[in-house]
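Look at the two complexes coming up: chain A is in both, with chain B in one and chain C in the other.
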Partner chain A sequence: MPDRAAAPPAGAYRARRLGRLNLEVRQSIGRVRHAAFIAFGLGVGLAISVAILLAAGVEAANIFDEFVVLTFFDRLGLSSVLIECSPLILVGLSAAVAFRVNFWNIGIEGQFFWGAIGATVIAIFDVGPPATRIGLMLVFAIVGGFLWIVPPAIFKIKLGVNEVISTLLLNYVAYQFVLNQIYGAWQDPRDRFPHSEAFDAAERLPLLGWEKVHLGLVISLVAVAFVWWLMQRSRFGVYMRFVGANPHMALAAGIPVAMTIFLAVGLSGALSGAAGFVMGAAQEHRLTGTMAAGYGFSGIMIAFLARNNPVAVLIVAFMIGGLYAAGQSVKVFYSLPQALVSLIQAIVVMCVAASDFLVRYRVHWLRGDGR
Partner chain B sequence: MIEFLANWLAFTPVFAVPLLLATLGLIVNERAGVINLGAEGMMLCGALAGVACYIEFGESTAVGMTAAAFAGLLIAFLFAFVVVVLRADQVVTGITIVFFGAGLTGLIGLRWNDTAIAGFQKLDLGFLSQIPFFGKVVFAQDAMVYLTVPIAFGVWYFLFRTRAGLNLRAVGENPQAADAAGIAVDFYRFWAVAAGGALCGLAGGYLALAAAKIWVNEMTHGRGWIAIALVIFARWMPGRAVFGAILFGGIEALIPRIFAAGWPVPQYFLQMTPFLATLGVLVWVGLAGKRRSAAPGALGLPYVREDRW
Partner chain C sequence: MTVALEMSDVSKEFDGNRALDSACFRAEYGRVQALLGENGAGKSSLMNVVCGLYAPDAGRIAVDGVPVSIDGPAHARALGIGMVHQHFKLVRPFTVAENVALANRLGGRWTDELARVAETVERYCGELGFELDPASRIDSISVAERQRVEIVKVLMSGARILILDEPTAVLTDDEADRLLAVVRGLAGRGAAVVLITHKLREVHDFADRVTIMRAGRTVADEDPKTLDDRRMTELMVGSAPRSAVAARSGGGRARLEIADLSAARDDGVAALAGVTLAVQEGEIYGVAGVGGNGQTELAEVLMGVRPALHGTVSLDGEDRTAAHPGERRKGGLGTVPSDRYLYGLTADLSVAENFGLAGLAAGRYGSWWVASARMRGDTEAAIADFEIQGGGPATRSRLLSGGNAQKLVLARELSGGAGILVAHSPTRGLDVRACAAVQSQLLEARDRGAAVLLISEDLDEVLDLSDRVGVLNRGRIVGEFARPADRHAVGRLMVGHA
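Moving on, here comes the complex of A and B:
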């Protein structure tokens, strides 16, 4: 075996002849160029998505109609986008709040389920007078989502347990619990299907009077305003940012690091629980086994694309709401599976994540023979 | 009771093998410094490719498993390109790979959905299989179970007894130093991810061809995530991974046994046990504190040389 110290490895000679790529870390980047790179990534992602839709049998002429005209520029379409985006805004905020303190909350679906379970308990046991029922459901949903994220938060803070895995594992546990309820004690006595009985009128979010848009949209907008204030204007927001950027330095600066992480993560769980409430009280009107499907990843991707900015979460969630709404109609008209929505989201995220390369590095081609 | 025990232990390898293959793949990944959260997606692609090629090309498990490994490899190439070459965030990309795999298989898997297959058959090793108890447990498994033993040994041998394995671990531990020593960091990381993906693909293929004998959407049902946790439990050592996979395979194998025995245990709570046990293991590792230092030093961190030009 050749001695590495004595002779340079054989590859070095070849590298000298051919040259190689060199990456330089950018110290700064202009706004326009930054936006252009991200738009490039987004464009590539959308182009691949269109190609997949074409391959799946959607006619080229219809793609624009289905995904843009009939979705965003049509009364019925726009109203269903607004309905779809209400829980999406909440899960997007949930992910953004946790990511801000570098806590990867992948357990959004579990907290979503516990939010829905909390709301369902109040609804099917008719707790409290009908006038306050819906408010109580929201409170229980928030508490349910919060409680479900407490164990992973404590394990992370106290024991350093990887939160990606712990929060995700709890998704499966929550899902099995929901199955246990809807196939057991809470099974609908009327139709014997595996879902809870339908919520009464007092247990549903009221409509706003424009198509079927409901109060969930207002709840989501209030949440955006609150999280915006918390992140951008409050002392706690500064703590969060500091802890997310450098926890060691934050600790040295006297910031209560563990408490900041715990509260931010708890808020994340509460927001996911609220999303479960909106889904249950305004869209499904009951507890179902499929109601959380896809919301975990959508939350993560919304926060990622919005760079954890609450106002950007609103905009991205609106666009993803469009994808959900269009996905519904494509599902009906072309009998394509729901998986299509997952796939398109994954491709877009991957392309935008990859475009970060251009944002972060400047690429040079170094020739082998000097410059 | 002996009957129950023999049945349980005989079923354990079928559940342990996919966990072990995926865990070994992830150990190779993480030893090179790349955290691969996309295991679940790679396993799904392997499972679908395995079943589809098994059905379409002469019902051969060998063809199915080869296709499964290639499917895992292809997804791993995509993952490696994004995180190793383009140096994107490994956590976001890994999670995205899971949903990419779930979406892709959900879209193209419709044709093969819910088609029951014969899949792997238990081998009959003559008089060995006739030995009471041990015959059933040890000498009447399918071919892949026996093949997994040399694979596990091979991974250990490669990582700890070859120059290339040493280089790979150096890249994961301290890429700056490895680079300075003339080791091609990106090369090792790229191929470590590729090899890990192929093993995850095999794991998925085996799951479909031997354990489930059917393709259904999202059939891996969290096993990729359990494998990621097993890597931590195994402290990045292939030998301990074997132990962890048998332990968790045993838990999974117990669930259908309990149903079969007709014990009055609530079904859905029983199905939580692998996930709660995994969480318990993570907490236990956390409580043990200093075990954390077993993680490769540069795990999850992209490497940029940053030389002047």
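Moving on, here comes the complex of A and C:
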């Protein structure tokens, strides 16, 4: 037992001096001010993005048109945003559920692949009657994503193995397995391209009858509702909050900490698997080697910006979907490189993330020597 | 002999608690000055003032006879003051030489510098009679060796005033004797050594003078030869007026039984070495002792967050030694941990969530759809009952003051009608009013028939509240007393060499 008098008092390191700038840790922050700081970060990010687009030769008048009017207020534009955002919502939820219990799931793409693999197995081997085919594909996708995260979850809980490394490396294993299959046993016999054969009509998610928006959007919205209930309304959600915020206290208070982490992490894998299913059954209509590219980091980014809140995940995924869709059209119409589109996305995200600094610290400007 | 360090009327207050109250202290070159006192007497605070970690609110400090105002640790170092803290400040994956080099840059190319630092370390070790390999990694050497690294580090920085904060607390007897012999040798070569301790034997055997502190004040500065153990203990523990808590004879049925319990600290050092005690219904059993004798580990083993290496813990006759904390709670256990924001509360979550968690886990608020309105209502009732001020159910618990946070923990732990309560330092850091409120809750729980185990380093509290007192010394209960316990007899067992 340390003599507690030896520990510095709570306030000793609270104020950090940085030249003439004084930083103080905030004890709490109001909702309005919190939102204002995030909006400020978003504004700065957009301003920098606009400057970059102007420098790249896009006319000022067209920027607003491209990114707002043609993306969100145009039938075709909005439908492509909705299509883009369904898998984004699922991977965002996946990351949010895992992060809530402090499990850094970097393996979303691997679980995504195993979801797609699960769906593909049912599709290409025509398992079960056509009427239940698509449902069975979803179930297998969920199971595939879940199983892929079970080993890192158990290693983390039982042995303390760092999940960042284990989940990250399993991405490569999943990717190489997919390549092995699409260059080998599952290669499309029709065109000999490295992807699986195309899914039949019964193995594709039906359209909703509005442009090309498909049932994947409904699946994503149901997932949002489910995760919202689980995290915000059920007892398990309270457990998740305590386990994530203070596992020591959670254990001492009698919460089944290991089981809570396992179930939350398993759900994370299942949601990533469902995203792989949506991508395969509604967008690619087959298993491909590139279908998961970028979804892992998008999921992490969305969960981070949404502060692991499922409803906020829905909103952020919608915005990011818009950014993706607008990026695609800007790329085509102004022949801008893909790198520029990625750069803009990164800048916006970084600026919003940086606004967290203002949420956490109160900044004072000081005169004189900083005392 | 010349005076190295002289402090007069030094005061320091933390959030309304007076850690130092006009304390005085002096140390001379060529001597070992012991600084003796209970936990919280102000020893460490006083020395943290000397090494520039705390700025005193009032008082004068003179080094080598020159009045100084110590600005920070770097200034203290420049003045020749070096402290070996109780918690070593070493970087574990690095080698001994690298750690020493981090604190004492010799300049030049890094690899050459490391070689020269290693040479210097070996030279110091030769002079001091230490065995230490500069190339071994910190995490591969023993606690005693790590301490030697700290001492070499401080000496290399040119310290002539050397402060050792309870250096023998982590050592075996042999190691302690060897270390203290080295410390004597340092004084023999002219250094002023300050030895913070609460072991009387060390004061008698190794110190030239002793300063005794109690409640932030200096109560004696004497030659230890003029003080016998009894007198020293009296000065240390004082004589508080006996309070008028009605004694209770336990109902006879033992509800919490601990038999031959052993456990280790995180670093593997043995902390409990066969604790045996039983708490009956309707009594408070107080565990007295100087901090660091196994209190934390005892509380943690009982909570179920630290494994027992040996022995058993039974609740109402059922063996729960290896049970999950949730099962223990179902068995009627409530716990008030000493570190409120480690095991007691989750700072970033609301008062209602922190309060309701126990009830939630016990299934009182449903599982599919949490009855948050009912939880909020119960929280409001608890806030009123326990007079928790400074926030409502939605307030983040981080914003509560220490006393109110503690009342919140107690409210939760007692809400399920816990029949067995383990409270570790429940009033630490609380003001007088909050302290009295917490203590009266413990007494009420006892009067309702609960078995209360009170583990506290505050002797006054243990003596005031306990129906029986056990003294924990070096991981064992070395004596038991029925109310009224003899304060000085308890004090002697606390600081004695068990």
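Note that in this section the second predicted complex is superposed on the first by the 326 of 371 C-alpha atoms of A that agree within 3 Å, B and C clash if a C-alpha of one lies under 4 Å from a C-alpha of the other, contacts with A are read in each partner's own complex, and residues count from 1 in each chain.
Going forward, a contact is a pair of C-beta atoms (placed from the backbone, for glycine too) under 8 Å apart; a residue touches a chain by one contact, two chains touch by 3 or more.
As the structure is a prediction and not an experimental result, all values here were calculated from the model.
In the superposed pair of complexes, A:Pro189 makes contact with neither chain B nor chain C. Of the two partners chain B and chain C, more residues of chain A are touched by B. Judged by the touch definition given at the top, the superposed model places A:Pro129 against neither chain B nor chain C. In the superposed model, A:Phe304 makes contact with chain B only, not with chain C. Using the contact criterion defined above for the overlaid structures, shared-chain residue A:Gly30 touches neither chain B nor chain C, since it reaches no partner. After overlaying the two complexes on the shared chain, residue contacts for A:Gly209 are found with neither chain B nor chain C. When both complexes are overlaid on chain A, the residue A:Gly57 reaches neither chain B nor chain C. In the superposition on chain A, contact of A:Arg241 is made with chain C only, not with chain B. When the two complexes are overlaid on their common chain A, residue A:Gly254 makes contact with chain C while staying clear of chain B. Applying the stated touch rule to the two superposed structures, the overlap between the chain B and chain C interfaces on chain A comprises residues 1, 4, 8-9.
Contacts from chain A toward chain B in the complex involve residues 1, 4, 8-9, 11-12, 22-25, 52, 56, 104, 106, 155, 158-162, 164-166, 168-170, 172-173, 176-177, 179-180, 183-184, 297, 300-301, 304, 336-347, 349-350, 353-354, 356-357, 360-361, 364, 366. Touching chain A in their complex are the following residues of chain B: 37, 78, 82, 86-89, 91-93, 95-100, 102-107, 110, 163, 181-182, 184, 217, 221-222, 225-226, 228-229, 232, 266-269, 271-272, 275-276, 278-279, 282-283, 285-287, 292, 304-307, 309.
Those residues of chain A that touch chain C in the complex are listed here as 1-6, 8-10, 27-28, 233-238, 241-242, 245-246, 248-256. Partner chain A is touched in their complex by these residues of chain C: 14-15, 19, 39-40, 42-45, 48, 53-54, 85-87, 165-166, 291-293, 295-296, 303-305, 324-330, 335, 337-338, 341-349, 353, 356-358, 360-362, 365-370, 396, 398-399, 428-429, 457.
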